[in-house]
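In what follows, chain A forms one complex with chain B and a second complex with chain C.
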Partner chain A sequence: MGRYTKIFATFARACLVRDMTFRTNFLLECITSIGWMSMNLAFYLLVFTFTAEIGRGTGWTREPFFAFVATGLIINSIVQALFMPSAEELTEMVRTGGLDGVLVQPLDAQFVLSLHRVDFSAFANGLVGVGLLVWSLARMDHAPGVIAWILYPLLILCGVAILYSLVIMLAAATILLGRNQSLYDFWFYLTNFSRYPAEIYSGPWGGPLRNLCTFVIPILLVVNVPARIIAQPLTGQGWGMVAAAFSAAGASLLVSRIVFQAALSRYRSASS
Partner chain B sequence: MTAATPSAAAHSRPRPFEGLRMWWMMLVISLEERLAYRGDFILGTLMRFLPIVTQLFLWTAVFSATNAADIAGYSRNDIVAYYLLTMITRAFSSMPGLAGGIARSVRDGSVKKYLVQPIDYVSFLLASRIAHKLVYYAVAVFPFAGVFFLCRSFFPPVPDAATIAIFLLSLLLSFLLGFFLEATLGMLGFWFLEVSSIVFAYMLLQYLLSGHMFPLDMLAGIGTGIPGVSLGSVVHWLPFEYTAYFPAAIWLGKIHGTELIRALVIEAVWVVVMAVACRIAWRRGTRRYSAFGG
Partner chain C sequence: MVFPYTSPMHNSSQNAAIHPQKSRAASREDAGREPVIAVESLAKEYRVYDKPEGLLASISGLFQRKSRIVHALRGVNLSVGRGEFVALLGPNGAGKTTFLKLLSGIITPTRGTAQVLGHVPWERADDFRRRFALVMGQRNQLWWDLPAAESFRLHKEIYRIDTARFERTRDELVDMLDVRKILLQPVRELSLGERMKLELVAALLHEPQVLFLDEPTIGLDVVAQHTLHRFLTHVQAQRQMTVVLTTHYMKDVAALCERVVVITHGDILYDGSLDEIVDRFTTHKIVTLDLDDTPSLERMERFGFPCEIRGPQVILRIDRPRIAEVLPEILRSERVRDISVEDVPLEEIVAALFRSEAAQPPTTHQEARA
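And then the complex of A and B:
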């Protein structure tokens, strides 16, 4: 474990040095991601000029909803920074045969392929997310309790684990198909469902969609559970969601590991 | 760098039928290119509708909490229909890769071939963009028709023929506006070489102010700090709304009479302004251009 921590630190340091070599580009990337995020925040602010709540009786009024958005920003920025750059590079590595070089190293291939590239500019959105969370919590009627504060970071990690599992399974599809140029598109459309509170998915179509995105592809647990713990009073149903999030995170990591290893075992080198 | 002399250009100009044949071949090649990956293309087009599913549930939740029959004149069904219609508008006005492509051709020197050949670069770009769009519509019409058929209950009754004609005219103008806006941004490559930051700033404004995210009527109550002037009224004078909001609002019957005529005139004026700006940028840009690259 210590060895892997050291290797990851080396990867991270090399990426940071590279980012700092092109400082203006780094700054522009930070501004770009914050710019897009600000547009979405402006949209949510506009929505709350027409309503006091997202869904009747859901408790997602303005400040709790912005705590929800902040939680989503924090989780997504961690995934975008740590895992997405490596996963996106995998397509090219499969096509060119560069993956061979990773497979012959005396390291776990999934570890190297998941973490060898770190995008520090993606943390910019996470920092804004932390600021937004502080702003929202300071204005809420309900103050989170000690248990909520203990569970919140753990549930954020669960959300990151679920998203990581999805990323790595999409990357496994790259190995199987040989090309997967729309990895980022798939990712965007899939995570789009996790951007709003689960309560909005109701009715004859919303109910089954909610079940599908909770129990089959647990994308709705990613942001909803930590956000609910920090932004709303903890109830019996809340504890059920906490248990579901921990179980889903463990199961997702396990399934993704099996899928990724199976994909690697089917890899045929593209180089001579 | 100077362009070819008129006599040389006239000498090497292709005959009319040869030109037509060349364009026909370009169209056929583009069509075959699209059809080679038709499954991937249709799936990709269908996936673009997925964010509308979340918007449908979001606005349903908003309406359930407000008890209001409409927001800024839009019922829940109107909003869903609006999002679907903006997908059509965006299919006309969006020009992926145009600005970046022009700037790249300036940077790597490949633009110089248009200076020595008897081809007008802006016309060539416009013609090839028309060909690509036609091919896109030929294939995308199937997923679009499928989604619109499934979502037909969200739409109000089909408007009269005159409204449909104005809708089509606004779409045509939105294509031209999108083209000349992005082409002008690309021409800035003659001065800055790398225009990605400028394109990003444009995309950001476009994303928020074109009506891509929400019907712009919702901005009517948002103040600008100037007494009596709302953000909504300012946005109507900018070019962005004509690339997403305007045609959708026409179809949904949100704009009528003199207001509609006024908006059409503003859109047409913006097309002319941007076409002239594009032409000026090309003339001035090529005058100061030094052919980098091999």
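And then the complex of A and C:
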């Protein structure tokens, strides 16, 4: 096992020990999270009592759409469990000077600041997402092929990478500004776009928005590409989206790395 | 009647002793000690924005802000040899912690160079960071909700300490500080003194060659301070570790450090031994008398400056060159029950040193609009 894997395992173990110390809080977080997600699912079920498909001819009928929602749940739960708790804590670490302690350790600071806190309760949604995915796939007419099954987890990782890059760039802004609560709100608004099929963004306003959220901030590729691969037959356009998702993930990671390192070199530290 | 023990600083004689860092640094290197820390013309400036008072001013501040440059360090030179225990003294805001942060690579300087263990600190090379430790008395680096044993385990992985060495070092440090019984207790439940002991254990687990201590005894009771003094003295001597300490407690300095560096307004004002501070910056000694009767002010003024007369107990300030002649005279002319002769308390000397520099206005603050 590599050193960084061992260190991450130690972080995760420590967080689990801490979560188990406050068991009621842990259970409440799981219940709140699953409750919020159940309300969303109920809302989508309600929508499908009025329509058979989201957008005419898009292929997003009830079961494929729930596979889409399940994919979104899985990706979001990974980001929420692994990266968001650390990113949220960064504001406090910059404000109080706690970041100093990280910078003197012989470790990659981005690794520590991205992964030192793990929120195990956020995995609850991911597990429900896996269950929802199995349920949807079992009821769909279309059965995913071998290539789709190989690409699906890789594209999930691409989605996680794109969201992670966004989170870590906002965290970098925290280092430069000292506080950026509004930027985390901005992250929440942006990720809202990723929750719906790209096809709904059409027309004079939707078209430019779709281009912006695909090519500039590739948020629309996060869920759409893996969901389309698993829920709909693979077409030529689908391969283009796969290529776009891999490229966007690589580019996002690279840009976020550059931005984060630049921010660290400008860190001022807090007065003691 | 109570007067300060220290007299105003005599500028003519003492200005010659101010800013001696270059010659001292050179002389230390001449002495053949391997320089572990070498700092040259190190400067750090910050741009700070003034927040105007009032609603209207705050709104206009959104579009145009007044800023100024704060000089936290102004071109400092310093050389520290292997195994030295150096105290950085200075009033609040003097630049001590900024200096430690630069030496540990947390922040980057505006100008100047520094090498610690042969590395430029702010390049943050892993090989460098594996060989030093920083302990900040006002910040907790252990996992707050977990027992310290968990944080130690994490340190083992971060610093790649092999299991046998880790267990040996941990047990040795834990026994020295007598903290074995609290290892499995969540850190948030421990007292400040217990936490600081565990912070020190964590910092020393990877056997650093350089240790930076930023006010490690702040808020600790006398017993805990004494324990840390004994521990640090022992570990530093045993490992020949280079230690740089910032503190406001002169007891720390007296117990631990042979060398003192005084920083004010981002400049080094004094660099030398602790004894030398007393020699250079005091012109008198404090003589405490316990007499048979309560003397008058005039009677005591014959011997020196009476700082305090409380019943038969008198505290006199006497010029150092006159001590040899005045003491026999006191014993001859007064009925003395008890007598003691002491140097001026270190706190008083250092405070006077700070005050003398504080009287000089800071310079070259630029103003700008952004």
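Here, the second predicted complex is superposed on the first by the 267 of 272 C-alpha atoms of A that agree within 3 Å, B and C clash if a C-alpha of one lies under 4 Å from a C-alpha of the other, contacts with A are read in each partner's own complex, and residues count from 1 in each chain.
In this section, a contact is a pair of C-beta atoms (placed from the backbone, for glycine too) under 8 Å apart; a residue touches a chain by one contact, two chains touch by 3 or more.
None of the values given here were measured: they were computed from a predicted structure.
Steric overlap between chain B and chain C is absent once the structures are superposed on chain A; the two fit side by side. Shared-chain residue A:236: touches no atom of chain B or chain C. In the superposed model, the angle subtended at the C-alpha centre of chain A by the C-alpha centres of chain B and chain C comes to 90 degrees, rounded to the nearest 10.
After overlaying the two complexes on the shared chain, residue contacts for A:267 are found with chain C alone; chain B is out of touch. In the superposition on chain A, contact of A:185 is made with chain B only, not with chain C. Looking at the shared chain after the overlay, A:206 reaches chain B, while chain C stays out of its contact range. When both complexes are overlaid on chain A, the residue A:36 reaches chain B alone and has no touch with chain C.
After the two structures are overlaid on chain A, the closest C-alpha atoms of chain B and chain C sit 6 Å apart.
Across the complex, chain B meets chain A through its residues 40, 44, 47, 50-51, 53-54, 57-58, 60-62, 64-66, 68, 71-72, 197, 200, 204, 207-208, 213-214, 218-219, 221-222. Across the interface of their complex, chain A is touched by residues 46, 97, 101, 104-108, 124, 126-127, 129-130, 132-134, 136, 138-139, 141, 143, 145-146, 150, 153-154, 157-160, 186, 214-215 of chain C. By the touch criterion stated above, chain A contacts chain C in their complex at residues 3, 6-7, 10-11, 14, 17-18, 21-22, 96-98, 100-101, 103-107, 109, 265, 267-269, 271-272. Residues 28, 32, 35-36, 39, 42-43, 46-47, 49-56, 58, 182, 185-186, 189, 192-193, 195-196, 199-203, 206, 209 of chain A are the ones that touch chain B when the two sit in their complex.
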